[in-house]
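Below, each structure is written out as structure tokens.
Shared between the two complexes below is subunit A, which pairs with subunit B and subunit C, respectively.
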Partner chain A sequence: MLHRLRFIPGRLVQSIPVAFGVTLIVFFMARLLPGNAALAILGQQANAASVAALSKQLGLNQPLWEQYFLFIGRLFQGNLGTSLTYQIPVSELLSQAIPVTLSLLGLALLLALVISVPLAALAAFRPGSPRDLGVRAFTLLGQGMPQFWLGIMLILLLAIGVPLFPVGGYGNSPADHPYYLFLPSLTLAIAMCPTIIRSLRSSMIDVLGSDYVGTARSKGSYGAALFRGHVLRNAAIPTVSVIGVNLGFLVGGSLVIEKVFALPGLGSIMINAIFTRDFPTVQGVTLFVALFVVVVGILTDVVYTMLDPRVDLSGKENA
Partner chain B sequence: MATPLLSVSSLTIGIRRKGQPDTVIVDSLSFDIQKGERFGIVGESGSGKSLTLRAIADLLPKGVEVLSGSIRYDGAELIGMPAAQRRKLMGPEIAMIFQEPMTALNPVVRVGEQIAEGPRRYLGLSKQAAAELAIEMMAKTGIPDPARRARAYPHELSGGLRQRIMIAMALSCGPKLLLCDEPTTALDVTVQHQVLRVLEELCADSGASLAFVTHDLAVVNQTCTDLAVMYAGHIVESGRVAEVFSDPRHPYTKGLLDSAPDFDQPDRELVSIPGFPPNLAARPSGCPFAPRCQFAVEACTTAMPPTDEVAPGHFAACFESARIFEGAAA
Partner chain C sequence: MTTPTAMLVAHKERRRATRTRSIKAWYRNGSLMAGMIITGLLVLVAVLAPVIAPYSPITQHLTDALQPTSPAHWLGTDKYGRDVLSRLIWGAQVDLRVGFLAVLIPFVIGSILGGIAGYFGGWLDTVLMRIVDIFFAFPFYVMVIVLVFIFGSGEFSIYIAIAAVSWVSYAKIVRGEVLIAKKQDYVVAARLGGMSHARILVRHIGPNVLSQAIIYGMSDIVMDIMAIVTLGYLGLGIAPPTAEWGSMINDGQEFITTHWQQATIPGLVVVVTSLGLSWLGDGLSDLLSPERRK
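Right, the complex of A and B next:
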């Protein structure tokens, strides 16, 4: 097991140039946004003199490449710059928002698995049956509903219609957070389910038709024991990479959902920062999201390796 | 004679179709396997031999079912038996070995655990005891260094070792009937020989009966005491292996024997059987082999020949058997 995880350090080293490339793209894309940060801060009515003064103070007049090297230089010191709107370090802003978004994603993933695994199994054990058709209809429905709309519907239904959950916000104490996060997580989970269910259903059907499930049946294995012992782990292998890829997209979705549910996560910060041309914050959030996707990629490979003993990414033995 | 361990009678397997006649793949098959007997079922691909075995193990592929007939194991009728009760037979009473040791083992579970699964379920062994039994079974099948190999995953073992694992798994609960579906087809010849030896020895030790499906006549000759030759879902000839091989009484059996190389007579010319097996959806009336049979007469294409006892314990289903074979001998 452990020797097959030797690929991790190498993968981490590989992600350094990726991260560097990300800083380049992030920095210059942010500069491509039309509009002037100083103008955005001071408002449309500001006079030209004060705009010029603020631009100078923010270093916006320097050549782009100088601004970039300043940005990189600070980045190496762990300094993401100061938010132009809030006038506090971006790192401080991120450190408050990241836990919110990560717990949102984590809970969403958990819910998605809790919903998907039984539904996929239900469908796969009787392909073509009414319950299979039902599950497939659900995946179609889940895919057809836009996330923000689904979020609003859930609020109308479960927060206003039947006041089970809060309409929005994050709660005041850590004990409150899961309760406040439930509806937004459910929204994301429902958006994520169709892909997971489809992938799991088809791989479960493959596994159920495989010779080794025949062998297991010939040993008298059936039902839940057959499912746990022989079906689930094999069927999960292709689905893990599907989930890994989708987590990246899910971050994008979470930005919108956070806005719908008024969660003080990265999404809210990002959207405000874009509207106010708060470049350092935009850069900080984007950099974090990019690194998150890189880390998820590595984690996907780790989980994959742990599930499937045939996978050896270290490239030493099976070259 | 005592009650046979397995008695298959008029077993018909096929695909049910709505509003159309069913497609029959195996047509009213009957044979008995006595305790301790090693019974070979020989036939070419698509003759229904594997399906017959799978019907006994209740592992027919989706859509294919037993249309009629009976399978009695140790006096108990298996067809119509509640699934839960029938499942309990699988492992301690009946076990199965599959054709492809590459795909018949779960790729993500250590082989020792796969062997231990049955004994844990049926013999009520602790995890520890079952693991020890698994290692012991592996040692019995001649796997060197079984304690270390038990911790291996299937892909880390060779085909021969994997098939030994399958044998260890099948025998772990001490079954009385072992169903083998071409267990050596995927192995090379030397390994094939070793695996068959192991299988034979272990069956002889435990007194288990063997139902052995193969297309390889040499394997039957080496392994089995009795055999049935299947063609297009019918048994065309059956009897003691030695007798059927030396004195075939059905033109198909004779064709099979003539088309296989014989190392005692390397100069003998191999004769192939012309034509192909019939399409099961459009079965010819009469003897299914008639269209390919050089001895066929008119009666062969109109009625199914009855199974006659051509010699004590030797059966053949051919109208012309006496004319062809006794005439040739005379």
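Right, the complex of A and C next:
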């Protein structure tokens, strides 16, 4: 098992240029603000002293490359600057919000799998049948809906129409959180489902047509046992990478969903920061999210290798 | 919802599927017809908005605020007394226009860069693909929201933001297609015939690889419309009082307990629009894939 994870150091080294590219882009975002970045952040009516102070904080008076190294240096110390609105370190703001967003994503992924696996199996066991078409219609609709609108519709149906769940918020005690997270997670899950179902369905069809499933069938395996023992794990392999590459996008989606359900996660912080022109916070969230995507990419490769013994990412051709 | 990566995967699947599908006359292509009818009707509504909209989409009549559906206002009025139906109709103009136009810039930039990288290969290709990797690390909405923040909200910023995010997909698709095409006999023949690289790329390879980018572009329009609607919902899109579906949903959410249709109906219109465009894209992919002609 462990020898198959040899590729991890190499994979980490490979991610370094991407991670640096990410910091470079996030760094230059501040330079894209029209005019003096400090003035653009503080607004035209800011007094000269506060502009000078912020210019100094952002290091705007030094050459560009020096500013970048300063930025990177602070980054390695976990210093993302100070929020202009709250006057507390951005890292502190993030550390409060990250658990919310991650639990939202985790629960959403779980729900998405609970919905997708049976639907994909229903479709794959009888391709072309009415139930396959039904599943296809569901995926088509799921793709065509704006996520935030789906969230509002779920609020309308399951929080207002039939008051099963809260309209929004995160609850006061940790025990309340899952209950408050359910509707937003369901929204995100339904948004994830089309991609997962499509990938699972097509790989299940491939697996069902394979020789080893034929052999298992001829030995008398059928139904749930056949599905669990032979189909699901093999069909799951391509889906893992599909979920991995899309998880980053789902982070983006979760930011919007948080706004719909008033969840105090990264999305709410980022969108509030945009309206108050709190640039260090916007920069911090962007950087965290992009680096998270890079890390998820690595984790996906690890899971992929563990699921499929034939995949050897340490080989040169895959490097 | 759909994601760029999911779209790329779906794109490849469709590509594989079209190879085996039998030749059908274009008018017998069900999804193409359905897509053409829905999209055509929507475009017609958008173009004819000044003629068919019963009321002005922006003039406020505060005394008529939040009216229920009635013969005078088929879908009622919003909190400023504006006719919801008229705002939906005018909204089609904004959302469709921005959706279609937003695709053009990334299509051109991505295709050119992808074409050059795929054709010349070497360090150019390596560098470009590394840049593509970096851009892929930024989730679509995060990047779009940040760029709209930097350039200020408004139509122009939306074009820039979407272009900056989605050129990578076109670059990836065209690069992949060019990698296959440049080994084909007709390219080798053109090269032996003494043609310049530029001419081969533009005149010979271009027409053969662009159909894939066009097919992807159709699903990209759906994605861009979703982005515009989402930005409108977040209050970062087209500035009010212009009628736009996303901001209509945002306005409606305030009255969700009393006037549920205000947030529901604009969303349904978005669903119909994206279904129409997806079907059109599927149909076009049947029609445009060169494998069909074999």
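List of remarks:
To be clear about the criterion, the second predicted complex is superposed on the first by the 275 of 319 C-alpha atoms of A that agree within 3 Å, B and C clash if a C-alpha of one lies under 4 Å from a C-alpha of the other, contacts with A are read in each partner's own complex, and residues count from 1 in each chain.
Basically, contacts are C-beta pairs under 8 Å (C-beta built on N, C-alpha and C of every residue); 3 or more make two chains touch, one makes a residue touch a chain.
Please read all numbers here as calculations on a predicted model, not as lab measurements.
Using the contact criterion defined above for the overlaid structures, shared-chain residue A:S221 touches subunit B, although it does not reach subunit C. Shared-chain residue A:N234: touches subunit B; no touch with subunit C.
Note on subunit A: of its two partners subunit C and subunit B, the one contacting more of its residues is C.
Against subunit B, in their complex, subunit A makes its touches with residues 209-212, 214-222, 225, 229-230, 233-234, 237, 307-310. Within the complex, the subunit A residues that touch subunit C are 17-18, 21-22, 25, 29, 32-34, 140-150, 152-153, 155-156, 160, 191, 194-195, 198-199, 202, 242, 245-246, 248-253, 255-256, 259-260, 270-271, 274-275, 277, 282, 285-286, 289-291, 293-294. On the subunit B side of its complex with subunit A, the touching residues are 57-59, 62, 87-91, 95-96, 98, 100, 103-109, 117-118, 121-122, 153, 155, 166, 169-170.
The touching residues of subunit C, counted against subunit A in their complex, run 1-6, 9-10, 13, 130-131, 133-143, 145-146, 149-151, 222, 226, 229-230, 233-236, 246, 249, 253, 256-257, 260, 263-264, 267, 270-272, 274-275, 278.
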